[in-house]
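Structures are listed in the sections that come next.
Consider the two complexes below, in which subunit A is the common component and subunit B and subunit C are the respective partners.
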Partner chain A sequence: MNGVVSIALNGFREARRNRVTSVLFVFAFIMVFSTTVSVEFTVATFDRVMTDFGLGVIGLLSPALTLFLGTALIPREIERRTIFMVVARPVSRSAFLVGRYIGNVITVAFLVLVMGALFLLQMQFAGATSTYSSGIHREHLIALYGLLLEVVLLTAVSFLFAAASSQYVSALSVTCLYFIGHMSEDLYTLAGRSKSDVIRVVGRAIYYLLPNFDRLDFKARATYFDPTSNAELLSTTGYALAYTVLVLIVATRIFERRDFK
Partner chain B sequence: MVTAAVSTENLTKIYTLDLLKGRKRVVALDGLNLTIGEGHVMGVLGPNGAGKSTTIKLLLNLITPTSGKARLFGLDPSDAEARRNVGYLPENPSPYEYLTGEEFVRFAGSLSGLRGAELTARVRTVLEQVQMDRFTGVQIRRYSKGMTQRIALAQALVSSPRLLILDEPTSGLDVLGRQLIRDIILAEKKKGTSVLLCSHIIPDVEALAEDVAILIGGKLVRSGPVSEMLSDEGSRVELTFEGVDAQRLSPLNPEVIQDGRRLIVRTAAASSRALIEAAHQAEGRLISMQPIRNSLEDAFLEALRNSQNKVGSTIE
Partner chain C sequence: MLQWGRKNLSWLLGAVSVLVLVLTRAAPYPLEARHEGELRPLLLRGSVASSVSKAHLPLLIDLYWLRTLIGMAEPETEQRNKNLYAYGDFLTDLDPRFFHAYYFTALVTPYSLGGDKFVNGDLALKMVRKALARFPDDQRLHMQHAFLLTYIEHDSRAAVEVFLKMAKLPNAPAAAIASATAIFIEQNDFDAAIALVSEAMGEGGHGSTTLLADRKKQLEIERQLRRLDEAIKAAAVKLGHTPESLDEVIQAGEWSADETHDQEGGELSVEAGRGRSSWLVGRMEGIRKW
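Entry: the complex of A and B
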């Protein structure tokens, strides 16, 4: 267990010093900041546009970062053989994978939180200075929370693929899965209308088996101030965490058997 | 029963390659039986691709055997406990480059269960041991190859292991660095640490190991105490002449190397007298004469001559 913590903290420390993450960080900062500059302060729909823009940018960058870092980490460690001196120690490979997973979630979550904080600051500032804005709402926070849940789940899925295959195969697979996971509800309804039994079964299977990323997406609700109940938040959290744990269990089983050549 | 530090039983690793032409099997290691008793230093020699690193990776659970078994202190390497008392220095080690040397060694120690003051003390000790205590605050990506090698050795030593597995520990090191590694291994040997040492540098193995295994093409071709391998041939001498034409000596049929004006002649000690006289008559000058020590290198070269696979292993 101690191994997991060491590996996780170590991963976060490394990421902070890594040039790639630093560049991403600056990029994310600029992107979010530029939303304020581009939104007119005197528009009646200010809050709506600002929320749509700000959360939209974060919602685009967050999964991109998750995917990019999550699918690259393990294959790179194997390729560069940095993994040798870690898994040769008295730690299980599962501990290594879970530790790396937690480290990566911390890294990406940190980036998302900083972007989120910047966005909230802008909302707060607008709320205080402009009559057209009512500042931060609960829905804003829920949308950011949903993005964090997405990071947790999407990183796990990325690790599952990365534990089993190469960087490029997993990046491609997880990207596809992410988009399908965002459309699974639409696919479900679409397939349900089909006359073919096969398509209906496949549609249902996709809906229940693949991660439903749409369920974690509260951005549109924030834009239209559409409230979310605590019960729904709880069930969504449960869904994301349960799915994550399941995916990680499968990933560690695969990883335990892998040859590092 | 005394448990050995390392034992293998018909240990075999076959890699499958998917080539355009179809599947090929590479027999990287073929039925290895090897035992290293506690407190022993075993040197493993072998040409490139002989299966040395493959053996080590099997012992550390980095790869799984195709068949056969490996044991560390009687336990299967896939059991994390089996690796608790092992320090491993990989070939061309690559530590996390954004960490400083000290952070990396600390990290390694903490993974072996060291904590607090004990961890700090051990980290300091091993960093001093590899003479890297001046560079502890520098990130590893700014290290030279030899400095990286030293840090990797420090991480292998940090948990005070009972078994050291070193894959070409002196590669990339300067003369002093090599000397340092030798001294460290000797000190570990004195403490009773078992060592598995793979190296291309035969004098190092000769100086440090009491047992040697020669691997060629994935097969163990010879193994035993170093002392036994050295006493195979009768005594020979090496003579160096100046100003002698090699042809004048050819009736005596010695092994001759022309080195500029010099002539280096290797022959059985019994025929040295005749050679010197022949050279004398040809008005040449004897510069030196020394006995050829029958070295481990000779034993290794001979084993190599007798096998078909000089480089790599069987590909089917």
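Entry: the complex of A and C
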């Protein structure tokens, strides 16, 4: 257990030192700040534009960083042979993978939380100083929570592909899976309209087997302050965590059998 | 010779390539010619955009919304207004609950050619009707619908129907109902105008029943003054000149001597060949004369 924690913290430190992460951090802050500028161009829809831009920027950058870190970390360790230093120690491959996973999640979650705090500050400030904005709502917090769940699940999926293939193949696969995961409800509906039984079954299979990222996306609800029940929130959390655990189990099995030579 | 050729082959190929590039250069094809005056903005179909960019749809919608607002600030042309309609249509396909996209684009779509001639009015009406299908109880949209029908379609009857429907809505604005009576005045249908105001007063919850009560009085007096106008015209025929006072109209036998005041106690008179009441500050005119 201590090994996992050490690897996780080490991963967080490494990611923090990474130039791409730093650049993305700076870019993220500029983008979140630019929300204030975007509001200057609008009329009568200040709440909406601030919410969509703020959450939209976080929702755009957090998967980008997740993909970059999640798919690059393991292949890079293998390529640079640094993995042998760890494997030689009394730490199982599973513990290494889970530790690296936790380290990655902490890094991206930290970015999401800091950007989220900045976004909420802007909403609060706008709410206090303008009659056009109504400040922070519960739906804003739920949307941020959904983004965190997305990071947790997407990192796990990235690690699954990274454990099995090269950096580029896994980056491409995870990017496709991310978009399909957001479209799976549409695919399910479209397939359901087909007259072919095969297409209907495939559509249903895609919907249930692939990660349903759309389920974790509460950004559109925050736009109109549509309420989300606690039961739905609990169910979504359960779905994301259970799927993550399953994906990590498969990833560790593959990683344990992988030949690093 | 062969050696020289081999040595300089890359230079030769490079020179030929540059020559071909220079000879085949072409100015960009003019965009106007490409579309034959049909300069529509390049937009995806709503269903495609919402599926492909589902993960970031709210952000995409707002980027297009800002583009629409920036477009509204550009110099007004018939084509600009048509483009704004296209943006509004696209936005409302992506987000059917986006009220402001319907409302603002319907407002800016009609293009005035001067006088009461407009183009793109059909598009504005299409947008308002699309919005009303989504927000059937919104008073602003009903007002917009009625004014588009009046000014652009010149269909006052249809506009009146819209106002009558609107008057039955809960919390219909008193000022809007009062304004709506102008269309009835245009058609000289004072009974309908008074009925509309009475109906709205009966519904209650209009914020300002005093405003409606005043409007009703004004309409009743205006109806009386219109009768007086007719009497003045008839007296002018009899007298051979336009009467300059109420007494002359009475003496010509066209107006009752008992009716020298309106129902509110205002004194009736003749001014520039038209009836006047000291209670009513100005005459009520039809919507086109505002």
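Structure notes:
Just so we're on the same page, the second predicted complex is superposed on the first by the 258 of 261 C-alpha atoms of A that agree within 3 Å, B and C clash if a C-alpha of one lies under 4 Å from a C-alpha of the other, contacts with A are read in each partner's own complex, and residues count from 1 in each chain.
Criterion: a residue touches a chain if its C-beta (ideal position, glycine included) is under 8 Å from a C-beta of that chain, and two chains touch if they have at least 3 such contacts.
The shown structure was predicted, so the numbers you read here are calculated from the model rather than taken from an experiment.
After superposition on subunit A, the partners subunit B and subunit C are accommodated together without colliding.
In the superposition on chain A, contact of A:V57 is made with subunit C only, not with subunit B. In the superposition on chain A, contact is made by A:Y224 with subunit C only, not with subunit B.
Of the two partner chains placed by the overlay, only subunit C lies in contact with A:M183; subunit B stays clear of it.
Of the two partner chains placed by the overlay, only subunit C lies in contact with A:V49; subunit B stays clear of it. Vectors from the Cα centre of subunit A to those of subunit B and subunit C enclose 150° in the overlay, to the nearest 10.
Judged by the touch definition given at the top, the superposed model places A:V86 against subunit B, while subunit C stays out of reach. Taking every C-alpha atom of subunit B against every C-alpha atom of subunit C, the smallest gap after superposition is 30 Å. When the two complexes are laid over each other on chain A, subunit A has no residue in contact with both subunit B and subunit C.
Per the touch definition, subunit B reaches subunit A in the complex via residues 15, 57, 60-64, 80-81, 83-84, 86, 88, 90, 92-96, 98-99, 103, 107-108, 110-113, 139, 152, 155, 159. Every residue of subunit A that touches subunit B in the complex is listed here, in rising order: 2-3, 6-7, 10, 13-14, 17-18, 80-82, 84-92, 257, 259-261.
Subunit A makes touch with subunit C in their complex at residues 38, 41-45, 48-49, 51-53, 55-57, 59-60, 63, 178-179, 182-183, 186, 213-214, 217, 219-220, 223-224.
Remark: subunit C residues 51-52, 54-59, 61-62, 65-66, 69-70, 97, 100, 104 touch subunit A in the complex.
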